[in-house]
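Structures are listed in the sections that come next.
Across the two complexes that follow, chain A remains constant while its partner is chain B and subsequently chain C.
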Partner chain A sequence: MVAGLALGGLGLLGGALAARHPRGWLAATLTGQGALGLTALAVLGGGGSWADPGAGAWSSPCGHLRLDVLSAFFLLLVAGVGGAATVYAREYWSEREHPVSAVAGRVWWNLFLAAMGLVLLAAHGIVLLVGWELFALSGYFLITLNRTPRAVRSAGWLYLAASHAGTLCLFGFFAALAARTGSWALGPLHDRPELAPLFWLALLGFGLKAGLFPLHVWLPSAHANAPSHVSAMLSGVALKMGIYGLVRFSGWLPTPPAAGWVVAGLGGVSAVLGVAFALGQHDLKRLLAYHSVENIGIILMGLGFGLLAAAHGPAGWGPLALAGGLLHVWNHGLFKALLFLGAGSVLHATGTREMSRLGGLWTRMPWTTALFALGAAAISGLPPLNGFVSEWLVYLGLFDAAAARGPAAALAIPTAILLAITGALALACFVKVCGVVFLGAARTPAAERAHECGPAMRGAMLALAAACVAIGLGAAGLWPVLARVVAAWNPAWPPGETPASLKALTAAHVVVALAAVAAAAGLARKLRRAGVRRAVTWDCGYAAPSPRMQYTAASFAGILTEWFAWILHPHRHEEKPEGVLPRRARWSVHTPETVLEEVIEPVGRGFLWAAAQVRKLQHGRVQAYVLYLLLGVAALAVLALWSWTG
Partner chain B sequence: MTGLLNVLVGVVMGLNLVALAGGRLPLLIRTVAVQGVLLGLMPLILEHESPDWKLAAVAVATVAGKGLLIPSLLLRALRVARIDREVEPLLGFVPSLLLGALGTLAAVVLTEFLPLRAEHAATLLVPGALASVLTGFILLAGRVKALSQVCGYLVLENGIYLFGLLLLGSTPLLVESGILLDVTVGVFVIGIIVDRIQRTFDSLDTRRLTVLRE
Partner chain C sequence: MSEIGLMLLRMAVWLGLAPLLPGLINKVKAAVAGRRGPPVLQLYYDLARLWRKGVVLSTLASPGFVFGPAVAWLAVVAAAALLPLGPLGAVAGFRGDVVLMIYLLALARFATAWSAMETGSAFEGMGAAREVSFAVLAEAAVIAGVLALCVQSGRLTLADMLGESAGPGAALLGAGLFVVLLAENCRVPFDDPNTHLELTMVHEVMVLDHSGPLLAAVLHGAAVKLLFFAVLLVQAVLPMGHWPAGTALAALAGGVLLVTVGVGLVEALLARVAFRRVPLLLTSAWVLCVFALLVAWKGGGR
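Showing the complex of A and B:
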């Protein structure tokens, strides 16, 4: 165990030192991540004793580091997705294309991975805070690797500001915890009910990192403007550090009674509004970023119902909902990384993220198209892929909660409806993405000249896609792992048998997958036999179709974004056709960063204004300073007199 | 002898108003000098029944320092630095005077509410001290030239000295001399600053110091 972690750390360190030599960097970093991943696997396996969630856990002699089932669960995600993204980065952010930042990018990358590992291993408040700060700072430098565009710099600043607001909350959280327990050591503290209110600080601090609505303001611009392998890591893995913090400390510390309700409620809001905002986006990566908000919402639904079940005594649905949320952590990490890497290869090939400038890429980029479509199907929660498995577990928990008729039933039914709405909207959104970006005809010369990405990028995406399929088809096999993590979270829920519905789902998935393969093979044979005749799309009556006559990203989602106009506040620019023979007409719609522009920025401006007013007090006139002194003394005198008479 | 002491304190309070109303720097400096001499005499009056050499030393040092040394230094600075003799008020003379008078009244009224010992309540020492501190502040805040601010600082210090007289019996000589030393050092520091301002800005107008802010 120690050897694995040490090798992991050394690999990441060695990779950072060898950043000037791409091959050496790749080999060392992958070795380190492999070692970390294997260590995590060993802990998750627990030496074969599935029933004991404590088996296989490791603690450093000083007690500042600890690797238990829950940390290992997240560490495996870091190592797995991190490994794939590392291979991708080798080709995507190479010296040839980014001579200035390629080496720096590799150093920050390794630091980023190592810091996340440290956060996951920490069992000491200060160690965790140090790891957290390193993780946030290296994230900032990764986002701003290409500093030339103004948008990248401002996205970086926004990320840094939000990150530090969160860190401030965490400083408060750990300091208050240490003050009340008398030690910085972290561990289970269930017998101290007075610690429960600290949960709200943790929710704010970790929630800012996780990007739940409405704390997501930094997320879209940071994910959209970062290099794509960094976006994949940020969205797939870094957000999960916030989730890790929430799961970890809601498991270790007592929680206030309202925690489950609030977390589940925030999850529902994040899920639906995240996908609603995603529908309004025209920027491919910004759209994917909003889907992160949505998926974090689904994870929080699971966690929220886990908390509710833990608070309301023995409930069979608690483990199901929590296991669903946790599995969604892995799943979202896998398919969101796959989608961002796919978006990266589109960006790499065409130089634009604007969906209305793409189109028809599938003929030139068949691998990217196929893998992106697989990721899209997975994130939309379509069987037989992994997204459906975790959402299914959450659904099972919700339905059981509703059937149990406890106090949580009142929330379970609306949450299930919200989850269903989210799934439907996500599907619509990814139909839009795939349709506009990959199908149809190319809208610009850049899209026409697109080329397929190289083997390293393709290989990384293939690995992630394979993991998505594997989880979808082998869901029942994962249950023991999930059950152990759930049992580590709440010792009152010992690992039980695999639920029958999960077994049935796995079998159904295999059948559906086989049927899909058979149908695809049959269709391909039929196509080959019948021969393909190529013609212009819509070649029925109109002789001069142009690529502009396709659905755009805005028009495809028009109806859906209208439903959510009450919160999206879209900016519409309209010039209606007039007269019998209209000459000119245009229509465009753009969804702003509503929460940022209409809430955070006005508040920030007010704050800056107030600060500027206070600043006027410092003008350099000595006489007035003496007056301040006099007023201060007078105020003190009044205070003293008042307290003396009162 | 309380009567004589009260008369002296009354004169000091009157001099405060003169300092506020005076339009020329030499007048201001001399007012402060007279105030210093009066203050120097007060310990002798307070403890006239049991005079000792320490008390005499304090009185002599105060008169010499506040009444002669510092004013002569200031007058010399006025001469050497060729400073214009106008006071240049930031706050007009009439408003300063009104504020000072109001402050003196308020000091008298406020003293009624303070929990004083009987022997202190009979004298004007406490209202005199409060009024002087307030006058010092008005001078500091309401005048432009650095030299007039030195005077404001001296008046303020005089107020603190008056407070100190309340504790004359129980304050060791060391504290007395400490206060005096404080004043002298303060005046020297301001003297050096005045010199620097003069050299750097070619003027003693403290308003020009605003360029020094960040």
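Showing the complex of A and C:
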């Protein structure tokens, strides 16, 4: 174990030192991540936990590391998705295309991965905070690798500000924890109910990083403007560090009774509003970023019901919902990284993220199209892929909670309905993305000139897609791992047998997958025999069809964005055709960052205004300062007299 | 009867009898209008004819265009296989099979809409957009209805939930599911299967560029989906689990026939509603299902 972790750390460090030599960097970084992944796998498989020798005494000043099942669960995600993204980055952010930032990008990349590993291994408040800050800072430098465009700089700034607001909460959290327990060491503290209110600080700090709904303001612009391999890592893995913090400290510390209700409620809100905002986007990567908010919502639903079950006595549905939420951590990491890497290939090939400038990419980019489509089906929660397995587990927990008719049923019923709505909305959104970006005809010359990505980028996507399919078709095999993580979270829920229903679902998935392939092959064979003619798409007899007449992203989502206009507040610009011979007309719609532009920015402006008012007091005139002194002394005198007489 | 024989019988019912329903609906419509109408078996003839025909594909269509109808057909049939046919039972039953069933229908929707987007046609894009948008409300209503059954029976397996039926809220649930049936199968008042005006259609417009065997797969899948919703509706309303097998089977057949005639009557007597009213109608279906859920929850069944 120690050797594996040391090799992992050395590999990442060596990679950073060898950043000038892409091959050496790739080899060292992949070795490091392989070592970390294997270590995590060993812990997950063996179920044991490893703590460093110094950790027995919780009071040693620094260097407390610990790897248990829960950390290993997240560490495997870092190593797995990180490995695929590393291979992708080698080709995507190469010296040839980014001579200025390629080397720096590799250094920050390794630091980013190592910092996440440190966060996961830390069992000491200060170590965790140091790791957290390194992780946040290296993330900032990765987002702003190409800082020429203004949008990238402002996105980076917003990320930094939000990250530090979160870090501030975590400083408060760990300091309060250390003050009350008398040590910075972290570990299970179930017998200290007075620590429960600290959960709210943790929710704020980790929630900012996870990007749950009202705290997601930094997320869309950072994900959209970062280089695509960084977006994949941010969305697939970095957000999960926030989830890790929430799961970790809700398991170690006592939680307030309302925690489960709040977390599950926030989950429902994040899920539906995340996907609603995604529907309104026309920037491919910004759209994917909002889907992260949605999926974090689904994860929080699982965690929330786990908390509710833990608080309301023994309930069979708690472990199911929590296992579903945890599996969704992996699943979202895999398919979202796949989708962001696919979006990166599109951006690389066409130079635009604007969906309405793309179209018909499948002819030039068949691999990217097929892999993106697989990721789209997985994120829409369609069987027989991995997204459905985790959503199914969450559903099972919710249905069981509803059928038990306990106090949690009142929340389980609306949450289940929200989850269904989320699923259907996500499906609508991904039909839109696939249809507008990859299918139909090219809308612009840029889309016509697109080219398939190189072997490394393709290989990275292929590996992630294979993992999505493998989890979908082998779900039952993962149950022991999930059960062990759940047991690590709450020792009152010992790992049991794999549920028969999960085995049956896995079997059904295999049958559906095989039958679908057979049906498609059969139909294709039939078509070949029947003879295929090609003709233009039915155009209702119109004489001059053009690619610009295809349905656009905004029109596809029009019905749904209209339903959510109460929160999306879409900006519509309209120039109607006027006069007998109208010369021009235009219509466009844009969905703003409602929470950022209508809540955070006005508050920030108000704060700046108040600060400017206070600033007026300080202007450098000595006479006025003497007056302030006199007034102050007079006020003190009055106060003293007052208390003396009174 | 042996398990294999039962399996074949179930599949024969789903695949063989499904195309009967659209024929019956057309007969009812014709009778109300005082016409003789097409033969009840018309869809069988159409399917046989389409299966033998050649195919015209859009120049823009990728190989995925063939995947669409195949996967959609398979997903609908798989969902139907999970739904018990009264005493005949289902192919498989496990806790949570109901969620898989609902998501298989979603898979069918994804595949159909994907194929529609393949052609780059604005009409088909319009149809796909409507289909996936209205499905959001329909899916919410179905989940609410399923939750009502689940809360009523305290079970998570379709066979147990449907055997118990929705109890006192059955009428509400039946009404809600009937509206969902009309919407999901694109019948009047949501869509008019007879219209041929591209701008106003939902499902039909998505398959404008499908021909020959592809269209046959689409039409057969649509028929299976109609039968699926009719069977679901009847079992959600009638507590067949407590009845002898023969009675239950007769009740199921009679119920499905009644639903079919009902669809025909609605189609004959109502006009299509304007598109902006569709969400309102579907929201009412959802509210009906939620009321059924509340009745089941507060009524304290079991």
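Things worth noting here:
Everything that follows uses one rule, which is that the second predicted complex is superposed on the first by the 598 of 646 C-alpha atoms of A that agree within 3 Å, B and C clash if a C-alpha of one lies under 4 Å from a C-alpha of the other, contacts with A are read in each partner's own complex, and residues count from 1 in each chain.
One rule holds in what follows: a contact is a pair of C-beta atoms (placed from the backbone, for glycine too) under 8 Å apart; a residue touches a chain by one contact, two chains touch by 3 or more.
Keep in mind that this is a model prediction, so the values were computed, not measured.
For the composite obtained by overlaying on chain A, chain B and chain C can both be accommodated side by side without a clash. Using the contact criterion defined above for the overlaid structures, shared-chain residue A:L627 touches chain B, although it does not reach chain C. Of the two partner chains placed around the shared chain by superposition, chain B is the only one that A:L641 touches, whereas chain C remains out of contact. Between chain B and chain C, C touches the greater number of residues of chain A. In the superposition on chain A, contact of A:M549 is made with chain C only, not with chain B. When the two structures are aligned on the shared chain, A:H619 is found in touch with chain B, with no touch to chain C.
Angle at the C-alpha centre of chain A formed with the centres of chain B and chain C, after superposition on chain A: 140°, rounded to the nearest 10. Of the two partner chains placed by superposition, only chain C is touched by A:L396; chain B is not. Nearest C-alpha atoms belonging to chain B and chain C sit 59 Å apart in the superposition, given in whole angstrom. Residues common to the contacts of chain A with chain B and with chain C across the two structures: none. Across the interface of their complex, chain B is touched by residues 618-624, 626-627, 629-630, 641, 644 of chain A.
Of all residues in chain A, only 359-360, 362-363, 366, 369, 373, 377, 380-383, 388, 391-392, 395-396, 399-400, 402-403, 405, 409, 413, 416-417, 419-421, 423-425, 427-428, 430-432, 434-436, 439-441, 499-501, 504-505, 507-508, 511-512, 515-516, 519-520, 522-524, 526-527, 530-540, 547, 549-551, 555-560, 563 touch chain C in the complex they form. Every residue of chain C that touches chain A in the complex is listed here, in rising order: 51-60, 62-64, 66-67, 69-71, 73-75, 78, 82, 92, 94-97, 99-100, 102-104, 106-107, 109-110, 113-114, 116-126, 128-130, 132-133, 135-136, 139-140, 142-144, 147, 150-151, 153-156, 198, 208-209, 212-214, 217, 279, 293, 297. Put simply, chain B touches chain A in their complex at residues 90, 113, 115, 137, 140-144, 149, 206-207, 209-213.
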